[in-house]
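Below are two complexes that have chain A in common, paired first with chain B and then with chain C.
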Partner chain A sequence: MTLTDPHPPKAPSGPDGVLARLLDHPARGSRTALVAVPALALLGALVVGGVLMAIEGVAPLSAYGEVVRGVFGRSRGLSDTAVVATPLILLALGITVAYRARVFTIGAEGQYLAGALAGTAFATAAPLRALPAAVLLPCALVVAVLTGAAWSGLTGWLQSRFGASVVITSLLLNYVAAAALAWAVRVGIRDPGAFTPQSRPVAGLPDLPGTEIHLGFLFALAAVPALAVVLRRTRFGFRVEVLGASPEVLAVNESRPAATRLTVLAVAGAFAGLAGFVEVAGVTERMTPAFATGYGFTAIIVALLGRLRPVGVLVAALVLAGLTVGFDEAERVFVIPSATVGVIQALIIVFFVAGDALSRRKAG
Partner chain B sequence: MHTLFTLATLAAAIRLAVPVAVAALGEVLTERSGVLNLGLEGTMLFGALAGYTGARLGGPWLGLLAGLGAGAACGAVLALLMVVVRADQIVTGLAFTLFAVSATTYLFELSYTIGEPPPRIESLSMVPLVAIVLAVLVGVWFLLTRTVAGLVLTAAGDAPGAADALGYRVARVRSAATVVGCALGGLAGAMLVCGPLGLFVQNVTAGRGWVALALVVFARWRPGRAVAGALLFGLCDAAQLRLQGTATAIPYEVFLALPYLVTLVALMVRARRSDTPAALAIPFVRGRST
Partner chain C sequence: MPLPSGTPTSDDLVTPAAVMLGIRRVFGTGPAALDAVDLTINAGEVHALLGENGAGKTTAMRILAGLDRPDAGTVAVGGAPVTEFAPRALRERGVAMVQQHFTLVPTLTAGENLAMARPRGRLRPPARQVRRRVDELAARHGLAPVPTDVPVGRLSVGEQQRLEILRALDADARLLILDEPTAVLVDAEAEALLTVCRGLAAEGRAVVIITHRLGEVFAGCDRVTVLRRGAVVCAGELVADHDRTSLATRMVGSAPAAARSRVVTASPGGAVRLRLRGAALRRLQPLDLEVRAGEVLGVAGVDGNGQAELEELLAGVTGAAQGTVWVDDAPVPIGAPRERIARRIAYVPADRYRRALAGPLSLADNLELGRGPTRRPPKPRREAQAAPALTEWDVRATGPGAPAASLSGGNAQKLVLARELAAERALVVAAQPTRGLDPEAARMITERLLDAAAGGAAVVWFGAELDELFAISDRLIVLAGGRASAPFTPPYDRAAIGMAMVGGHRR
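Entry: the complex of A and B
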């Protein structure tokens, strides 16, 4: 997330200099600021949230106490948090890959819907749904991943072929996916026995032994170190970094930036598609018109707060999921507008963006 | 299809195009100065809420004024972040829009109980709204093509280093363009709710700010073409609303997606020969940028 440098490095001051310059992106600045800025942004947002609740006549400290109790103080609090965090982690990991390469897609929501739809359509199709879940679910997951990748790859193709900005095209495709969802549950994959528009049920993902957390959380947990290794140790990870730092360098050295951009977008879409079907098979069990809940946008906050690092994403997703779960509980006790937690989450990202720019400016 | 192209559809098209056109005109100004404002959708939302509140207090004209003011305030915040502090423009704009969605929902929930229908406001007729669009169009066009200020603004977006060397403060020009552009965005939001809609609901803009952003690219940063693009979008949207009511063989969801698909196709046709401001989305640092 460094500022775009209009001058790609031309005369290297020694190869190490160039590499260091390329690779300290995107989290330039001190190690302290790396963690301190997101933490302070969280704190600031919680303070403002507290003031808002105080204006509403709710004692902020007891409300936050209830939020904490909602997560840690009951048996289901932590497992609920893990379940809510699962799609956020997967979506934000995909966004991480894209944003590290400075490919700013905001189409995660649409890719998530497209993946979930395709996976559900596959798993509920007439001849297939008789298959045992152990065979059907992995196949449906693959279908969802491929659909997400294709939905996202489309924006990469539109950019390389027509020069259309990924930011805009990915967003427009979200609306197309939303329309597809509306049609599919009303007509396309509708459960004929259901009174309201919804798909047939999908065989559920098993819970992790001894918990009420579905298997998808394990996928998300496993994806974190896997992606960290891929980004750090592989040729693809290196290309992502170089594309983000300077597409020109990539172009003169080894590969076409457009091809890397397409791959990056496909990977982001694959994660989103996976997240979508995992959510169906693990949580909702059916597709309904209410399936689109804006996770694809919250995940952007998660990825940025996590400093576009897989481990950071994991932490940020758990924190935001904990806030959501905790506030759900707190709303049972206090009269808090349901949009409060959304405001706090959005304030975190606004404070973070401002704080990040300020700390970068001080660092020079 | 003969029911499609009636006067009623055309009127609906103009009605739906009005807010998009004004927002796109504002964004043309902002982007010509080198600032990419992805916070436009959020600015429109704040403008819509301010417009609704203003109209409740003192009639639709006060609503429009409130929208304009709220938009300018959003512009000041965005200019501070994107131009003065030089935060990444794409990330800042995105964050601002995400914030606006939650914040307007919160403020609205605060003032009106859920479950009760929010009171309707007295709405303006189409004539003054269209007049405002034309006035804004002429104003933006005149500013950009017939005044020194417009030339400086375009220079800040195309060759900020040169503008700086001539003694113009690029940061000030860009901040001003962001504030004015966002003021128009806020006005657009207010025109949406103070027009025939007469209501504020959660996320009332429903992506119109994003469509306006796409239209600016489609219009190659020209004000006249931006308004023409908005009309095209309005026509698709009107066709969708019209066909939803009639029983056709085509599912109505196709028409839900149609305005966005048409915008996508328009980008495919238009984006290639690009007149993009050379320094768009690149922050200006004195002595380092050209």
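Entry: the complex of A and C
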């Protein structure tokens, strides 16, 4: 029977299954639900977040007003938003590639740290740090990109060699990267002249002319259409889609799934590594133990809200970054617990998953 | 219909097992899948539900089994109207449906599957007890035994199907619905299944068989209902009152075109294109085989006797454990589909949805699998390029951008062939290419495959229906127990081939 979909996709078991169900193939579902579900999820999260703030004794509307003013009402609001969005965009683009192929890596955070560390280690190494920034920074960026790709590719290799789930290995490698960061800033690449554990300073990325936004934002903006073209117009992009639809169909008709999966993971890791070093060179300008802020996990939210589409990722990253920046400002005026943004992000995910399931049930 | 009181007939005989009245079902904005369908199924009969792909047979039966709900109309089971369309509610009323795609848990054994469906007590029952339950059930209803000591995922399709039926009988189903039960079985297994159905009917149960195959209707069914495009065109008439032509006419609407009779060349003069030397894989024992250009080699046998392994070897999905597989004097590339295609090997897999088509992707994208250029043209141009092939192969869909999952079985298979036979081929590996298709689509696909042979390809055709294999094969081998028989040549000796099929023993 054509009308009843006689071949429902088999839900994979294990940890992949949860994400797989959450991310049914993006081609399914209606066009309106594509945008409406994330938008309504955001709205719902803000409403519930407002109720929570009201319970805390804060007037939600004035608090949200302050959030909006924090972004649009002051000179640095928008540039701060762009700066916060930069790593989110880059990380979420990498996750987009992986999740479209239904390769469920949650190791972006680790790859981000690994890339940042390697780039910093390279840029602050004894003979190299004397080089001019114009030479040093691009080289360090390449090192960061390659390290992120390798860190992520490791999970692909572990799967094809030992059958280990990418979900598990990529998650666990996050802790390895966090431990490496802790060691490096205390021992490995420690700035001998500093009292607190931190690396030597890295030459900063220049700001875009006339703004206080570093050059990395331009990379992130350029990466959006670049990735869209790669996904739509190259054989690699095609293989990503086929792998996402059915690894067996890919194996029988197009290419080896293990090879494609490895490339997908390497691309995701490359984006994460790039994001890591851009954040170092553009914002923190050195590595500290506080460098791990969980952007790699927030980026998963961004990728989901962006519906695994590059343009969607850009919008979602800007919205979430705006929320973060706005709440930072609002906290100065109101007594809002600093965890509020985190709570709202978590609520967005809850509403998104529920709304997505609902809209799919209605459609199908 | 309740009879006047005092009538000396027992209630069981006069109350139909199920009555559907004025059933209408529409999916989305499409045409009605069912419209004003009336259907009566009596206890103690085997009722055939016949129709082309998309005629609404499965939809009607899914409603009866509570897997779907009607938009209009009433359903009564055992004389009482159905108010709640849920699988559990109807299962409790004695309706069980064995779907085309089985619903067993592949990691559990046969007995555990039964025990899970109808648990007795809170504890997991001991292995020996559940095993005995399967064996007893099979013996009581005259079904061949099902292996009980391995996970269900390792059973053959035929065995899994028997287990599905056993599970339904374990729940004492009074109305058993089988959705194209013989589509996956070979003739001997199908005959056995019909015997089982007759036995169940003799016990007073009602059995509905959804089928395409006219042979089965005459072999084992009492009454027949024919659906065409969601409407009843023949309502529960006695099978004895019909012949093949009359039913086929009702099914397809006009007299079916005669199957193309192939001029079988006894000794094809072409060069050897496919050569196997002692090729073995898993169940398949070392096999020597040569197929020449222009030749169609039929491969017959009961499902699970090495066909899947041979299919994988020829298509280069898996490498041979020993021995060699050569096409045109070079080994078949293994695990490298693009090389396979470059070597002009076409592969039409038995499981087209799992192996050949990516359901969520568009028709155009599916045609591009394994072929397209590194840099892909923009989507509108890709779809425009795909359109002629879709027209030529008569793939009926809303357009090249429609997802492949929206195609019916016949159109999906045409799409696979449109891709695989797009250019001249050296070897065509076709596994059950006409399985589950309506006669029109099956005829077209058969014709195109034979055209490929006429164009110089060596064709290896794995078939489940002997009549079909007889019609198309220049030579025929039978796989049984992983071993190949000596090749048969026309005129085929049905008895000898049947013997060869049961000659090898399973496992």
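Everything below uses one rule, namely that the second predicted complex is superposed on the first by the 338 of 364 C-alpha atoms of A that agree within 3 Å, B and C clash if a C-alpha of one lies under 4 Å from a C-alpha of the other, contacts with A are read in each partner's own complex, and residues count from 1 in each chain.
Basically, a residue touches a chain if its C-beta (ideal position, glycine included) is under 8 Å from a C-beta of that chain, and two chains touch if they have at least 3 such contacts.
Every value quoted in this text rests on a predicted model; they were computed, and no experiment measured them.
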{"item": "Partner chain(s) touched by A:238 [first = chain B, second = chain C, both, neither]", "value": "second"}
{"item": "Touch count on chain A, higher of chain B and chain C", "value": "B"}
{"item": "Which superposed partner A:72 touches (first chain B, second chain C, both, neither)", "value": "neither"}
{"item": "Which superposed partner A:252 touches (first chain B, second chain C, both, neither)", "value": "second"}
{"item": "Chain C-contacting residues of chain A that also contact chain B", "value": "1, 3-4, 6"}
{"item": "Residue ranges of chain B touching chain A (in the complex, touch as defined)", "value": "38, 81, 85-88, 90-92, 94-96, 98-99, 101-103, 105-106, 109-110, 207, 210-211, 213-214, 217, 251, 253-254, 256-257, 260-261, 263-264, 267-268, 271-272, 274, 279, 281-283, 285, 289-290"}
{"item": "Residues of chain A touching chain C in the complex", "value": "1-7, 9, 25, 27-28, 232-235, 237-238, 241-242, 244-246, 248-256"}
{"item": "Residues on chain A engaged by chain B in the complex (per definition of touch)", "value": "1, 3-4, 6, 52, 56, 104, 106, 158, 161-165, 167-169, 171-173, 175-176, 178-180, 182-183, 186-187, 297, 300-301, 304, 337-340, 342-343, 345-347, 349-350, 352-354, 356-358, 361"}
{"item": "Sites on chain C touched by chain A in the complex", "value": "27-28, 30, 33, 53-54, 56-59, 62, 68, 100-101, 315, 317, 335-338, 347, 349, 353-361, 365, 368-370, 372-379, 403, 405-409, 411"}
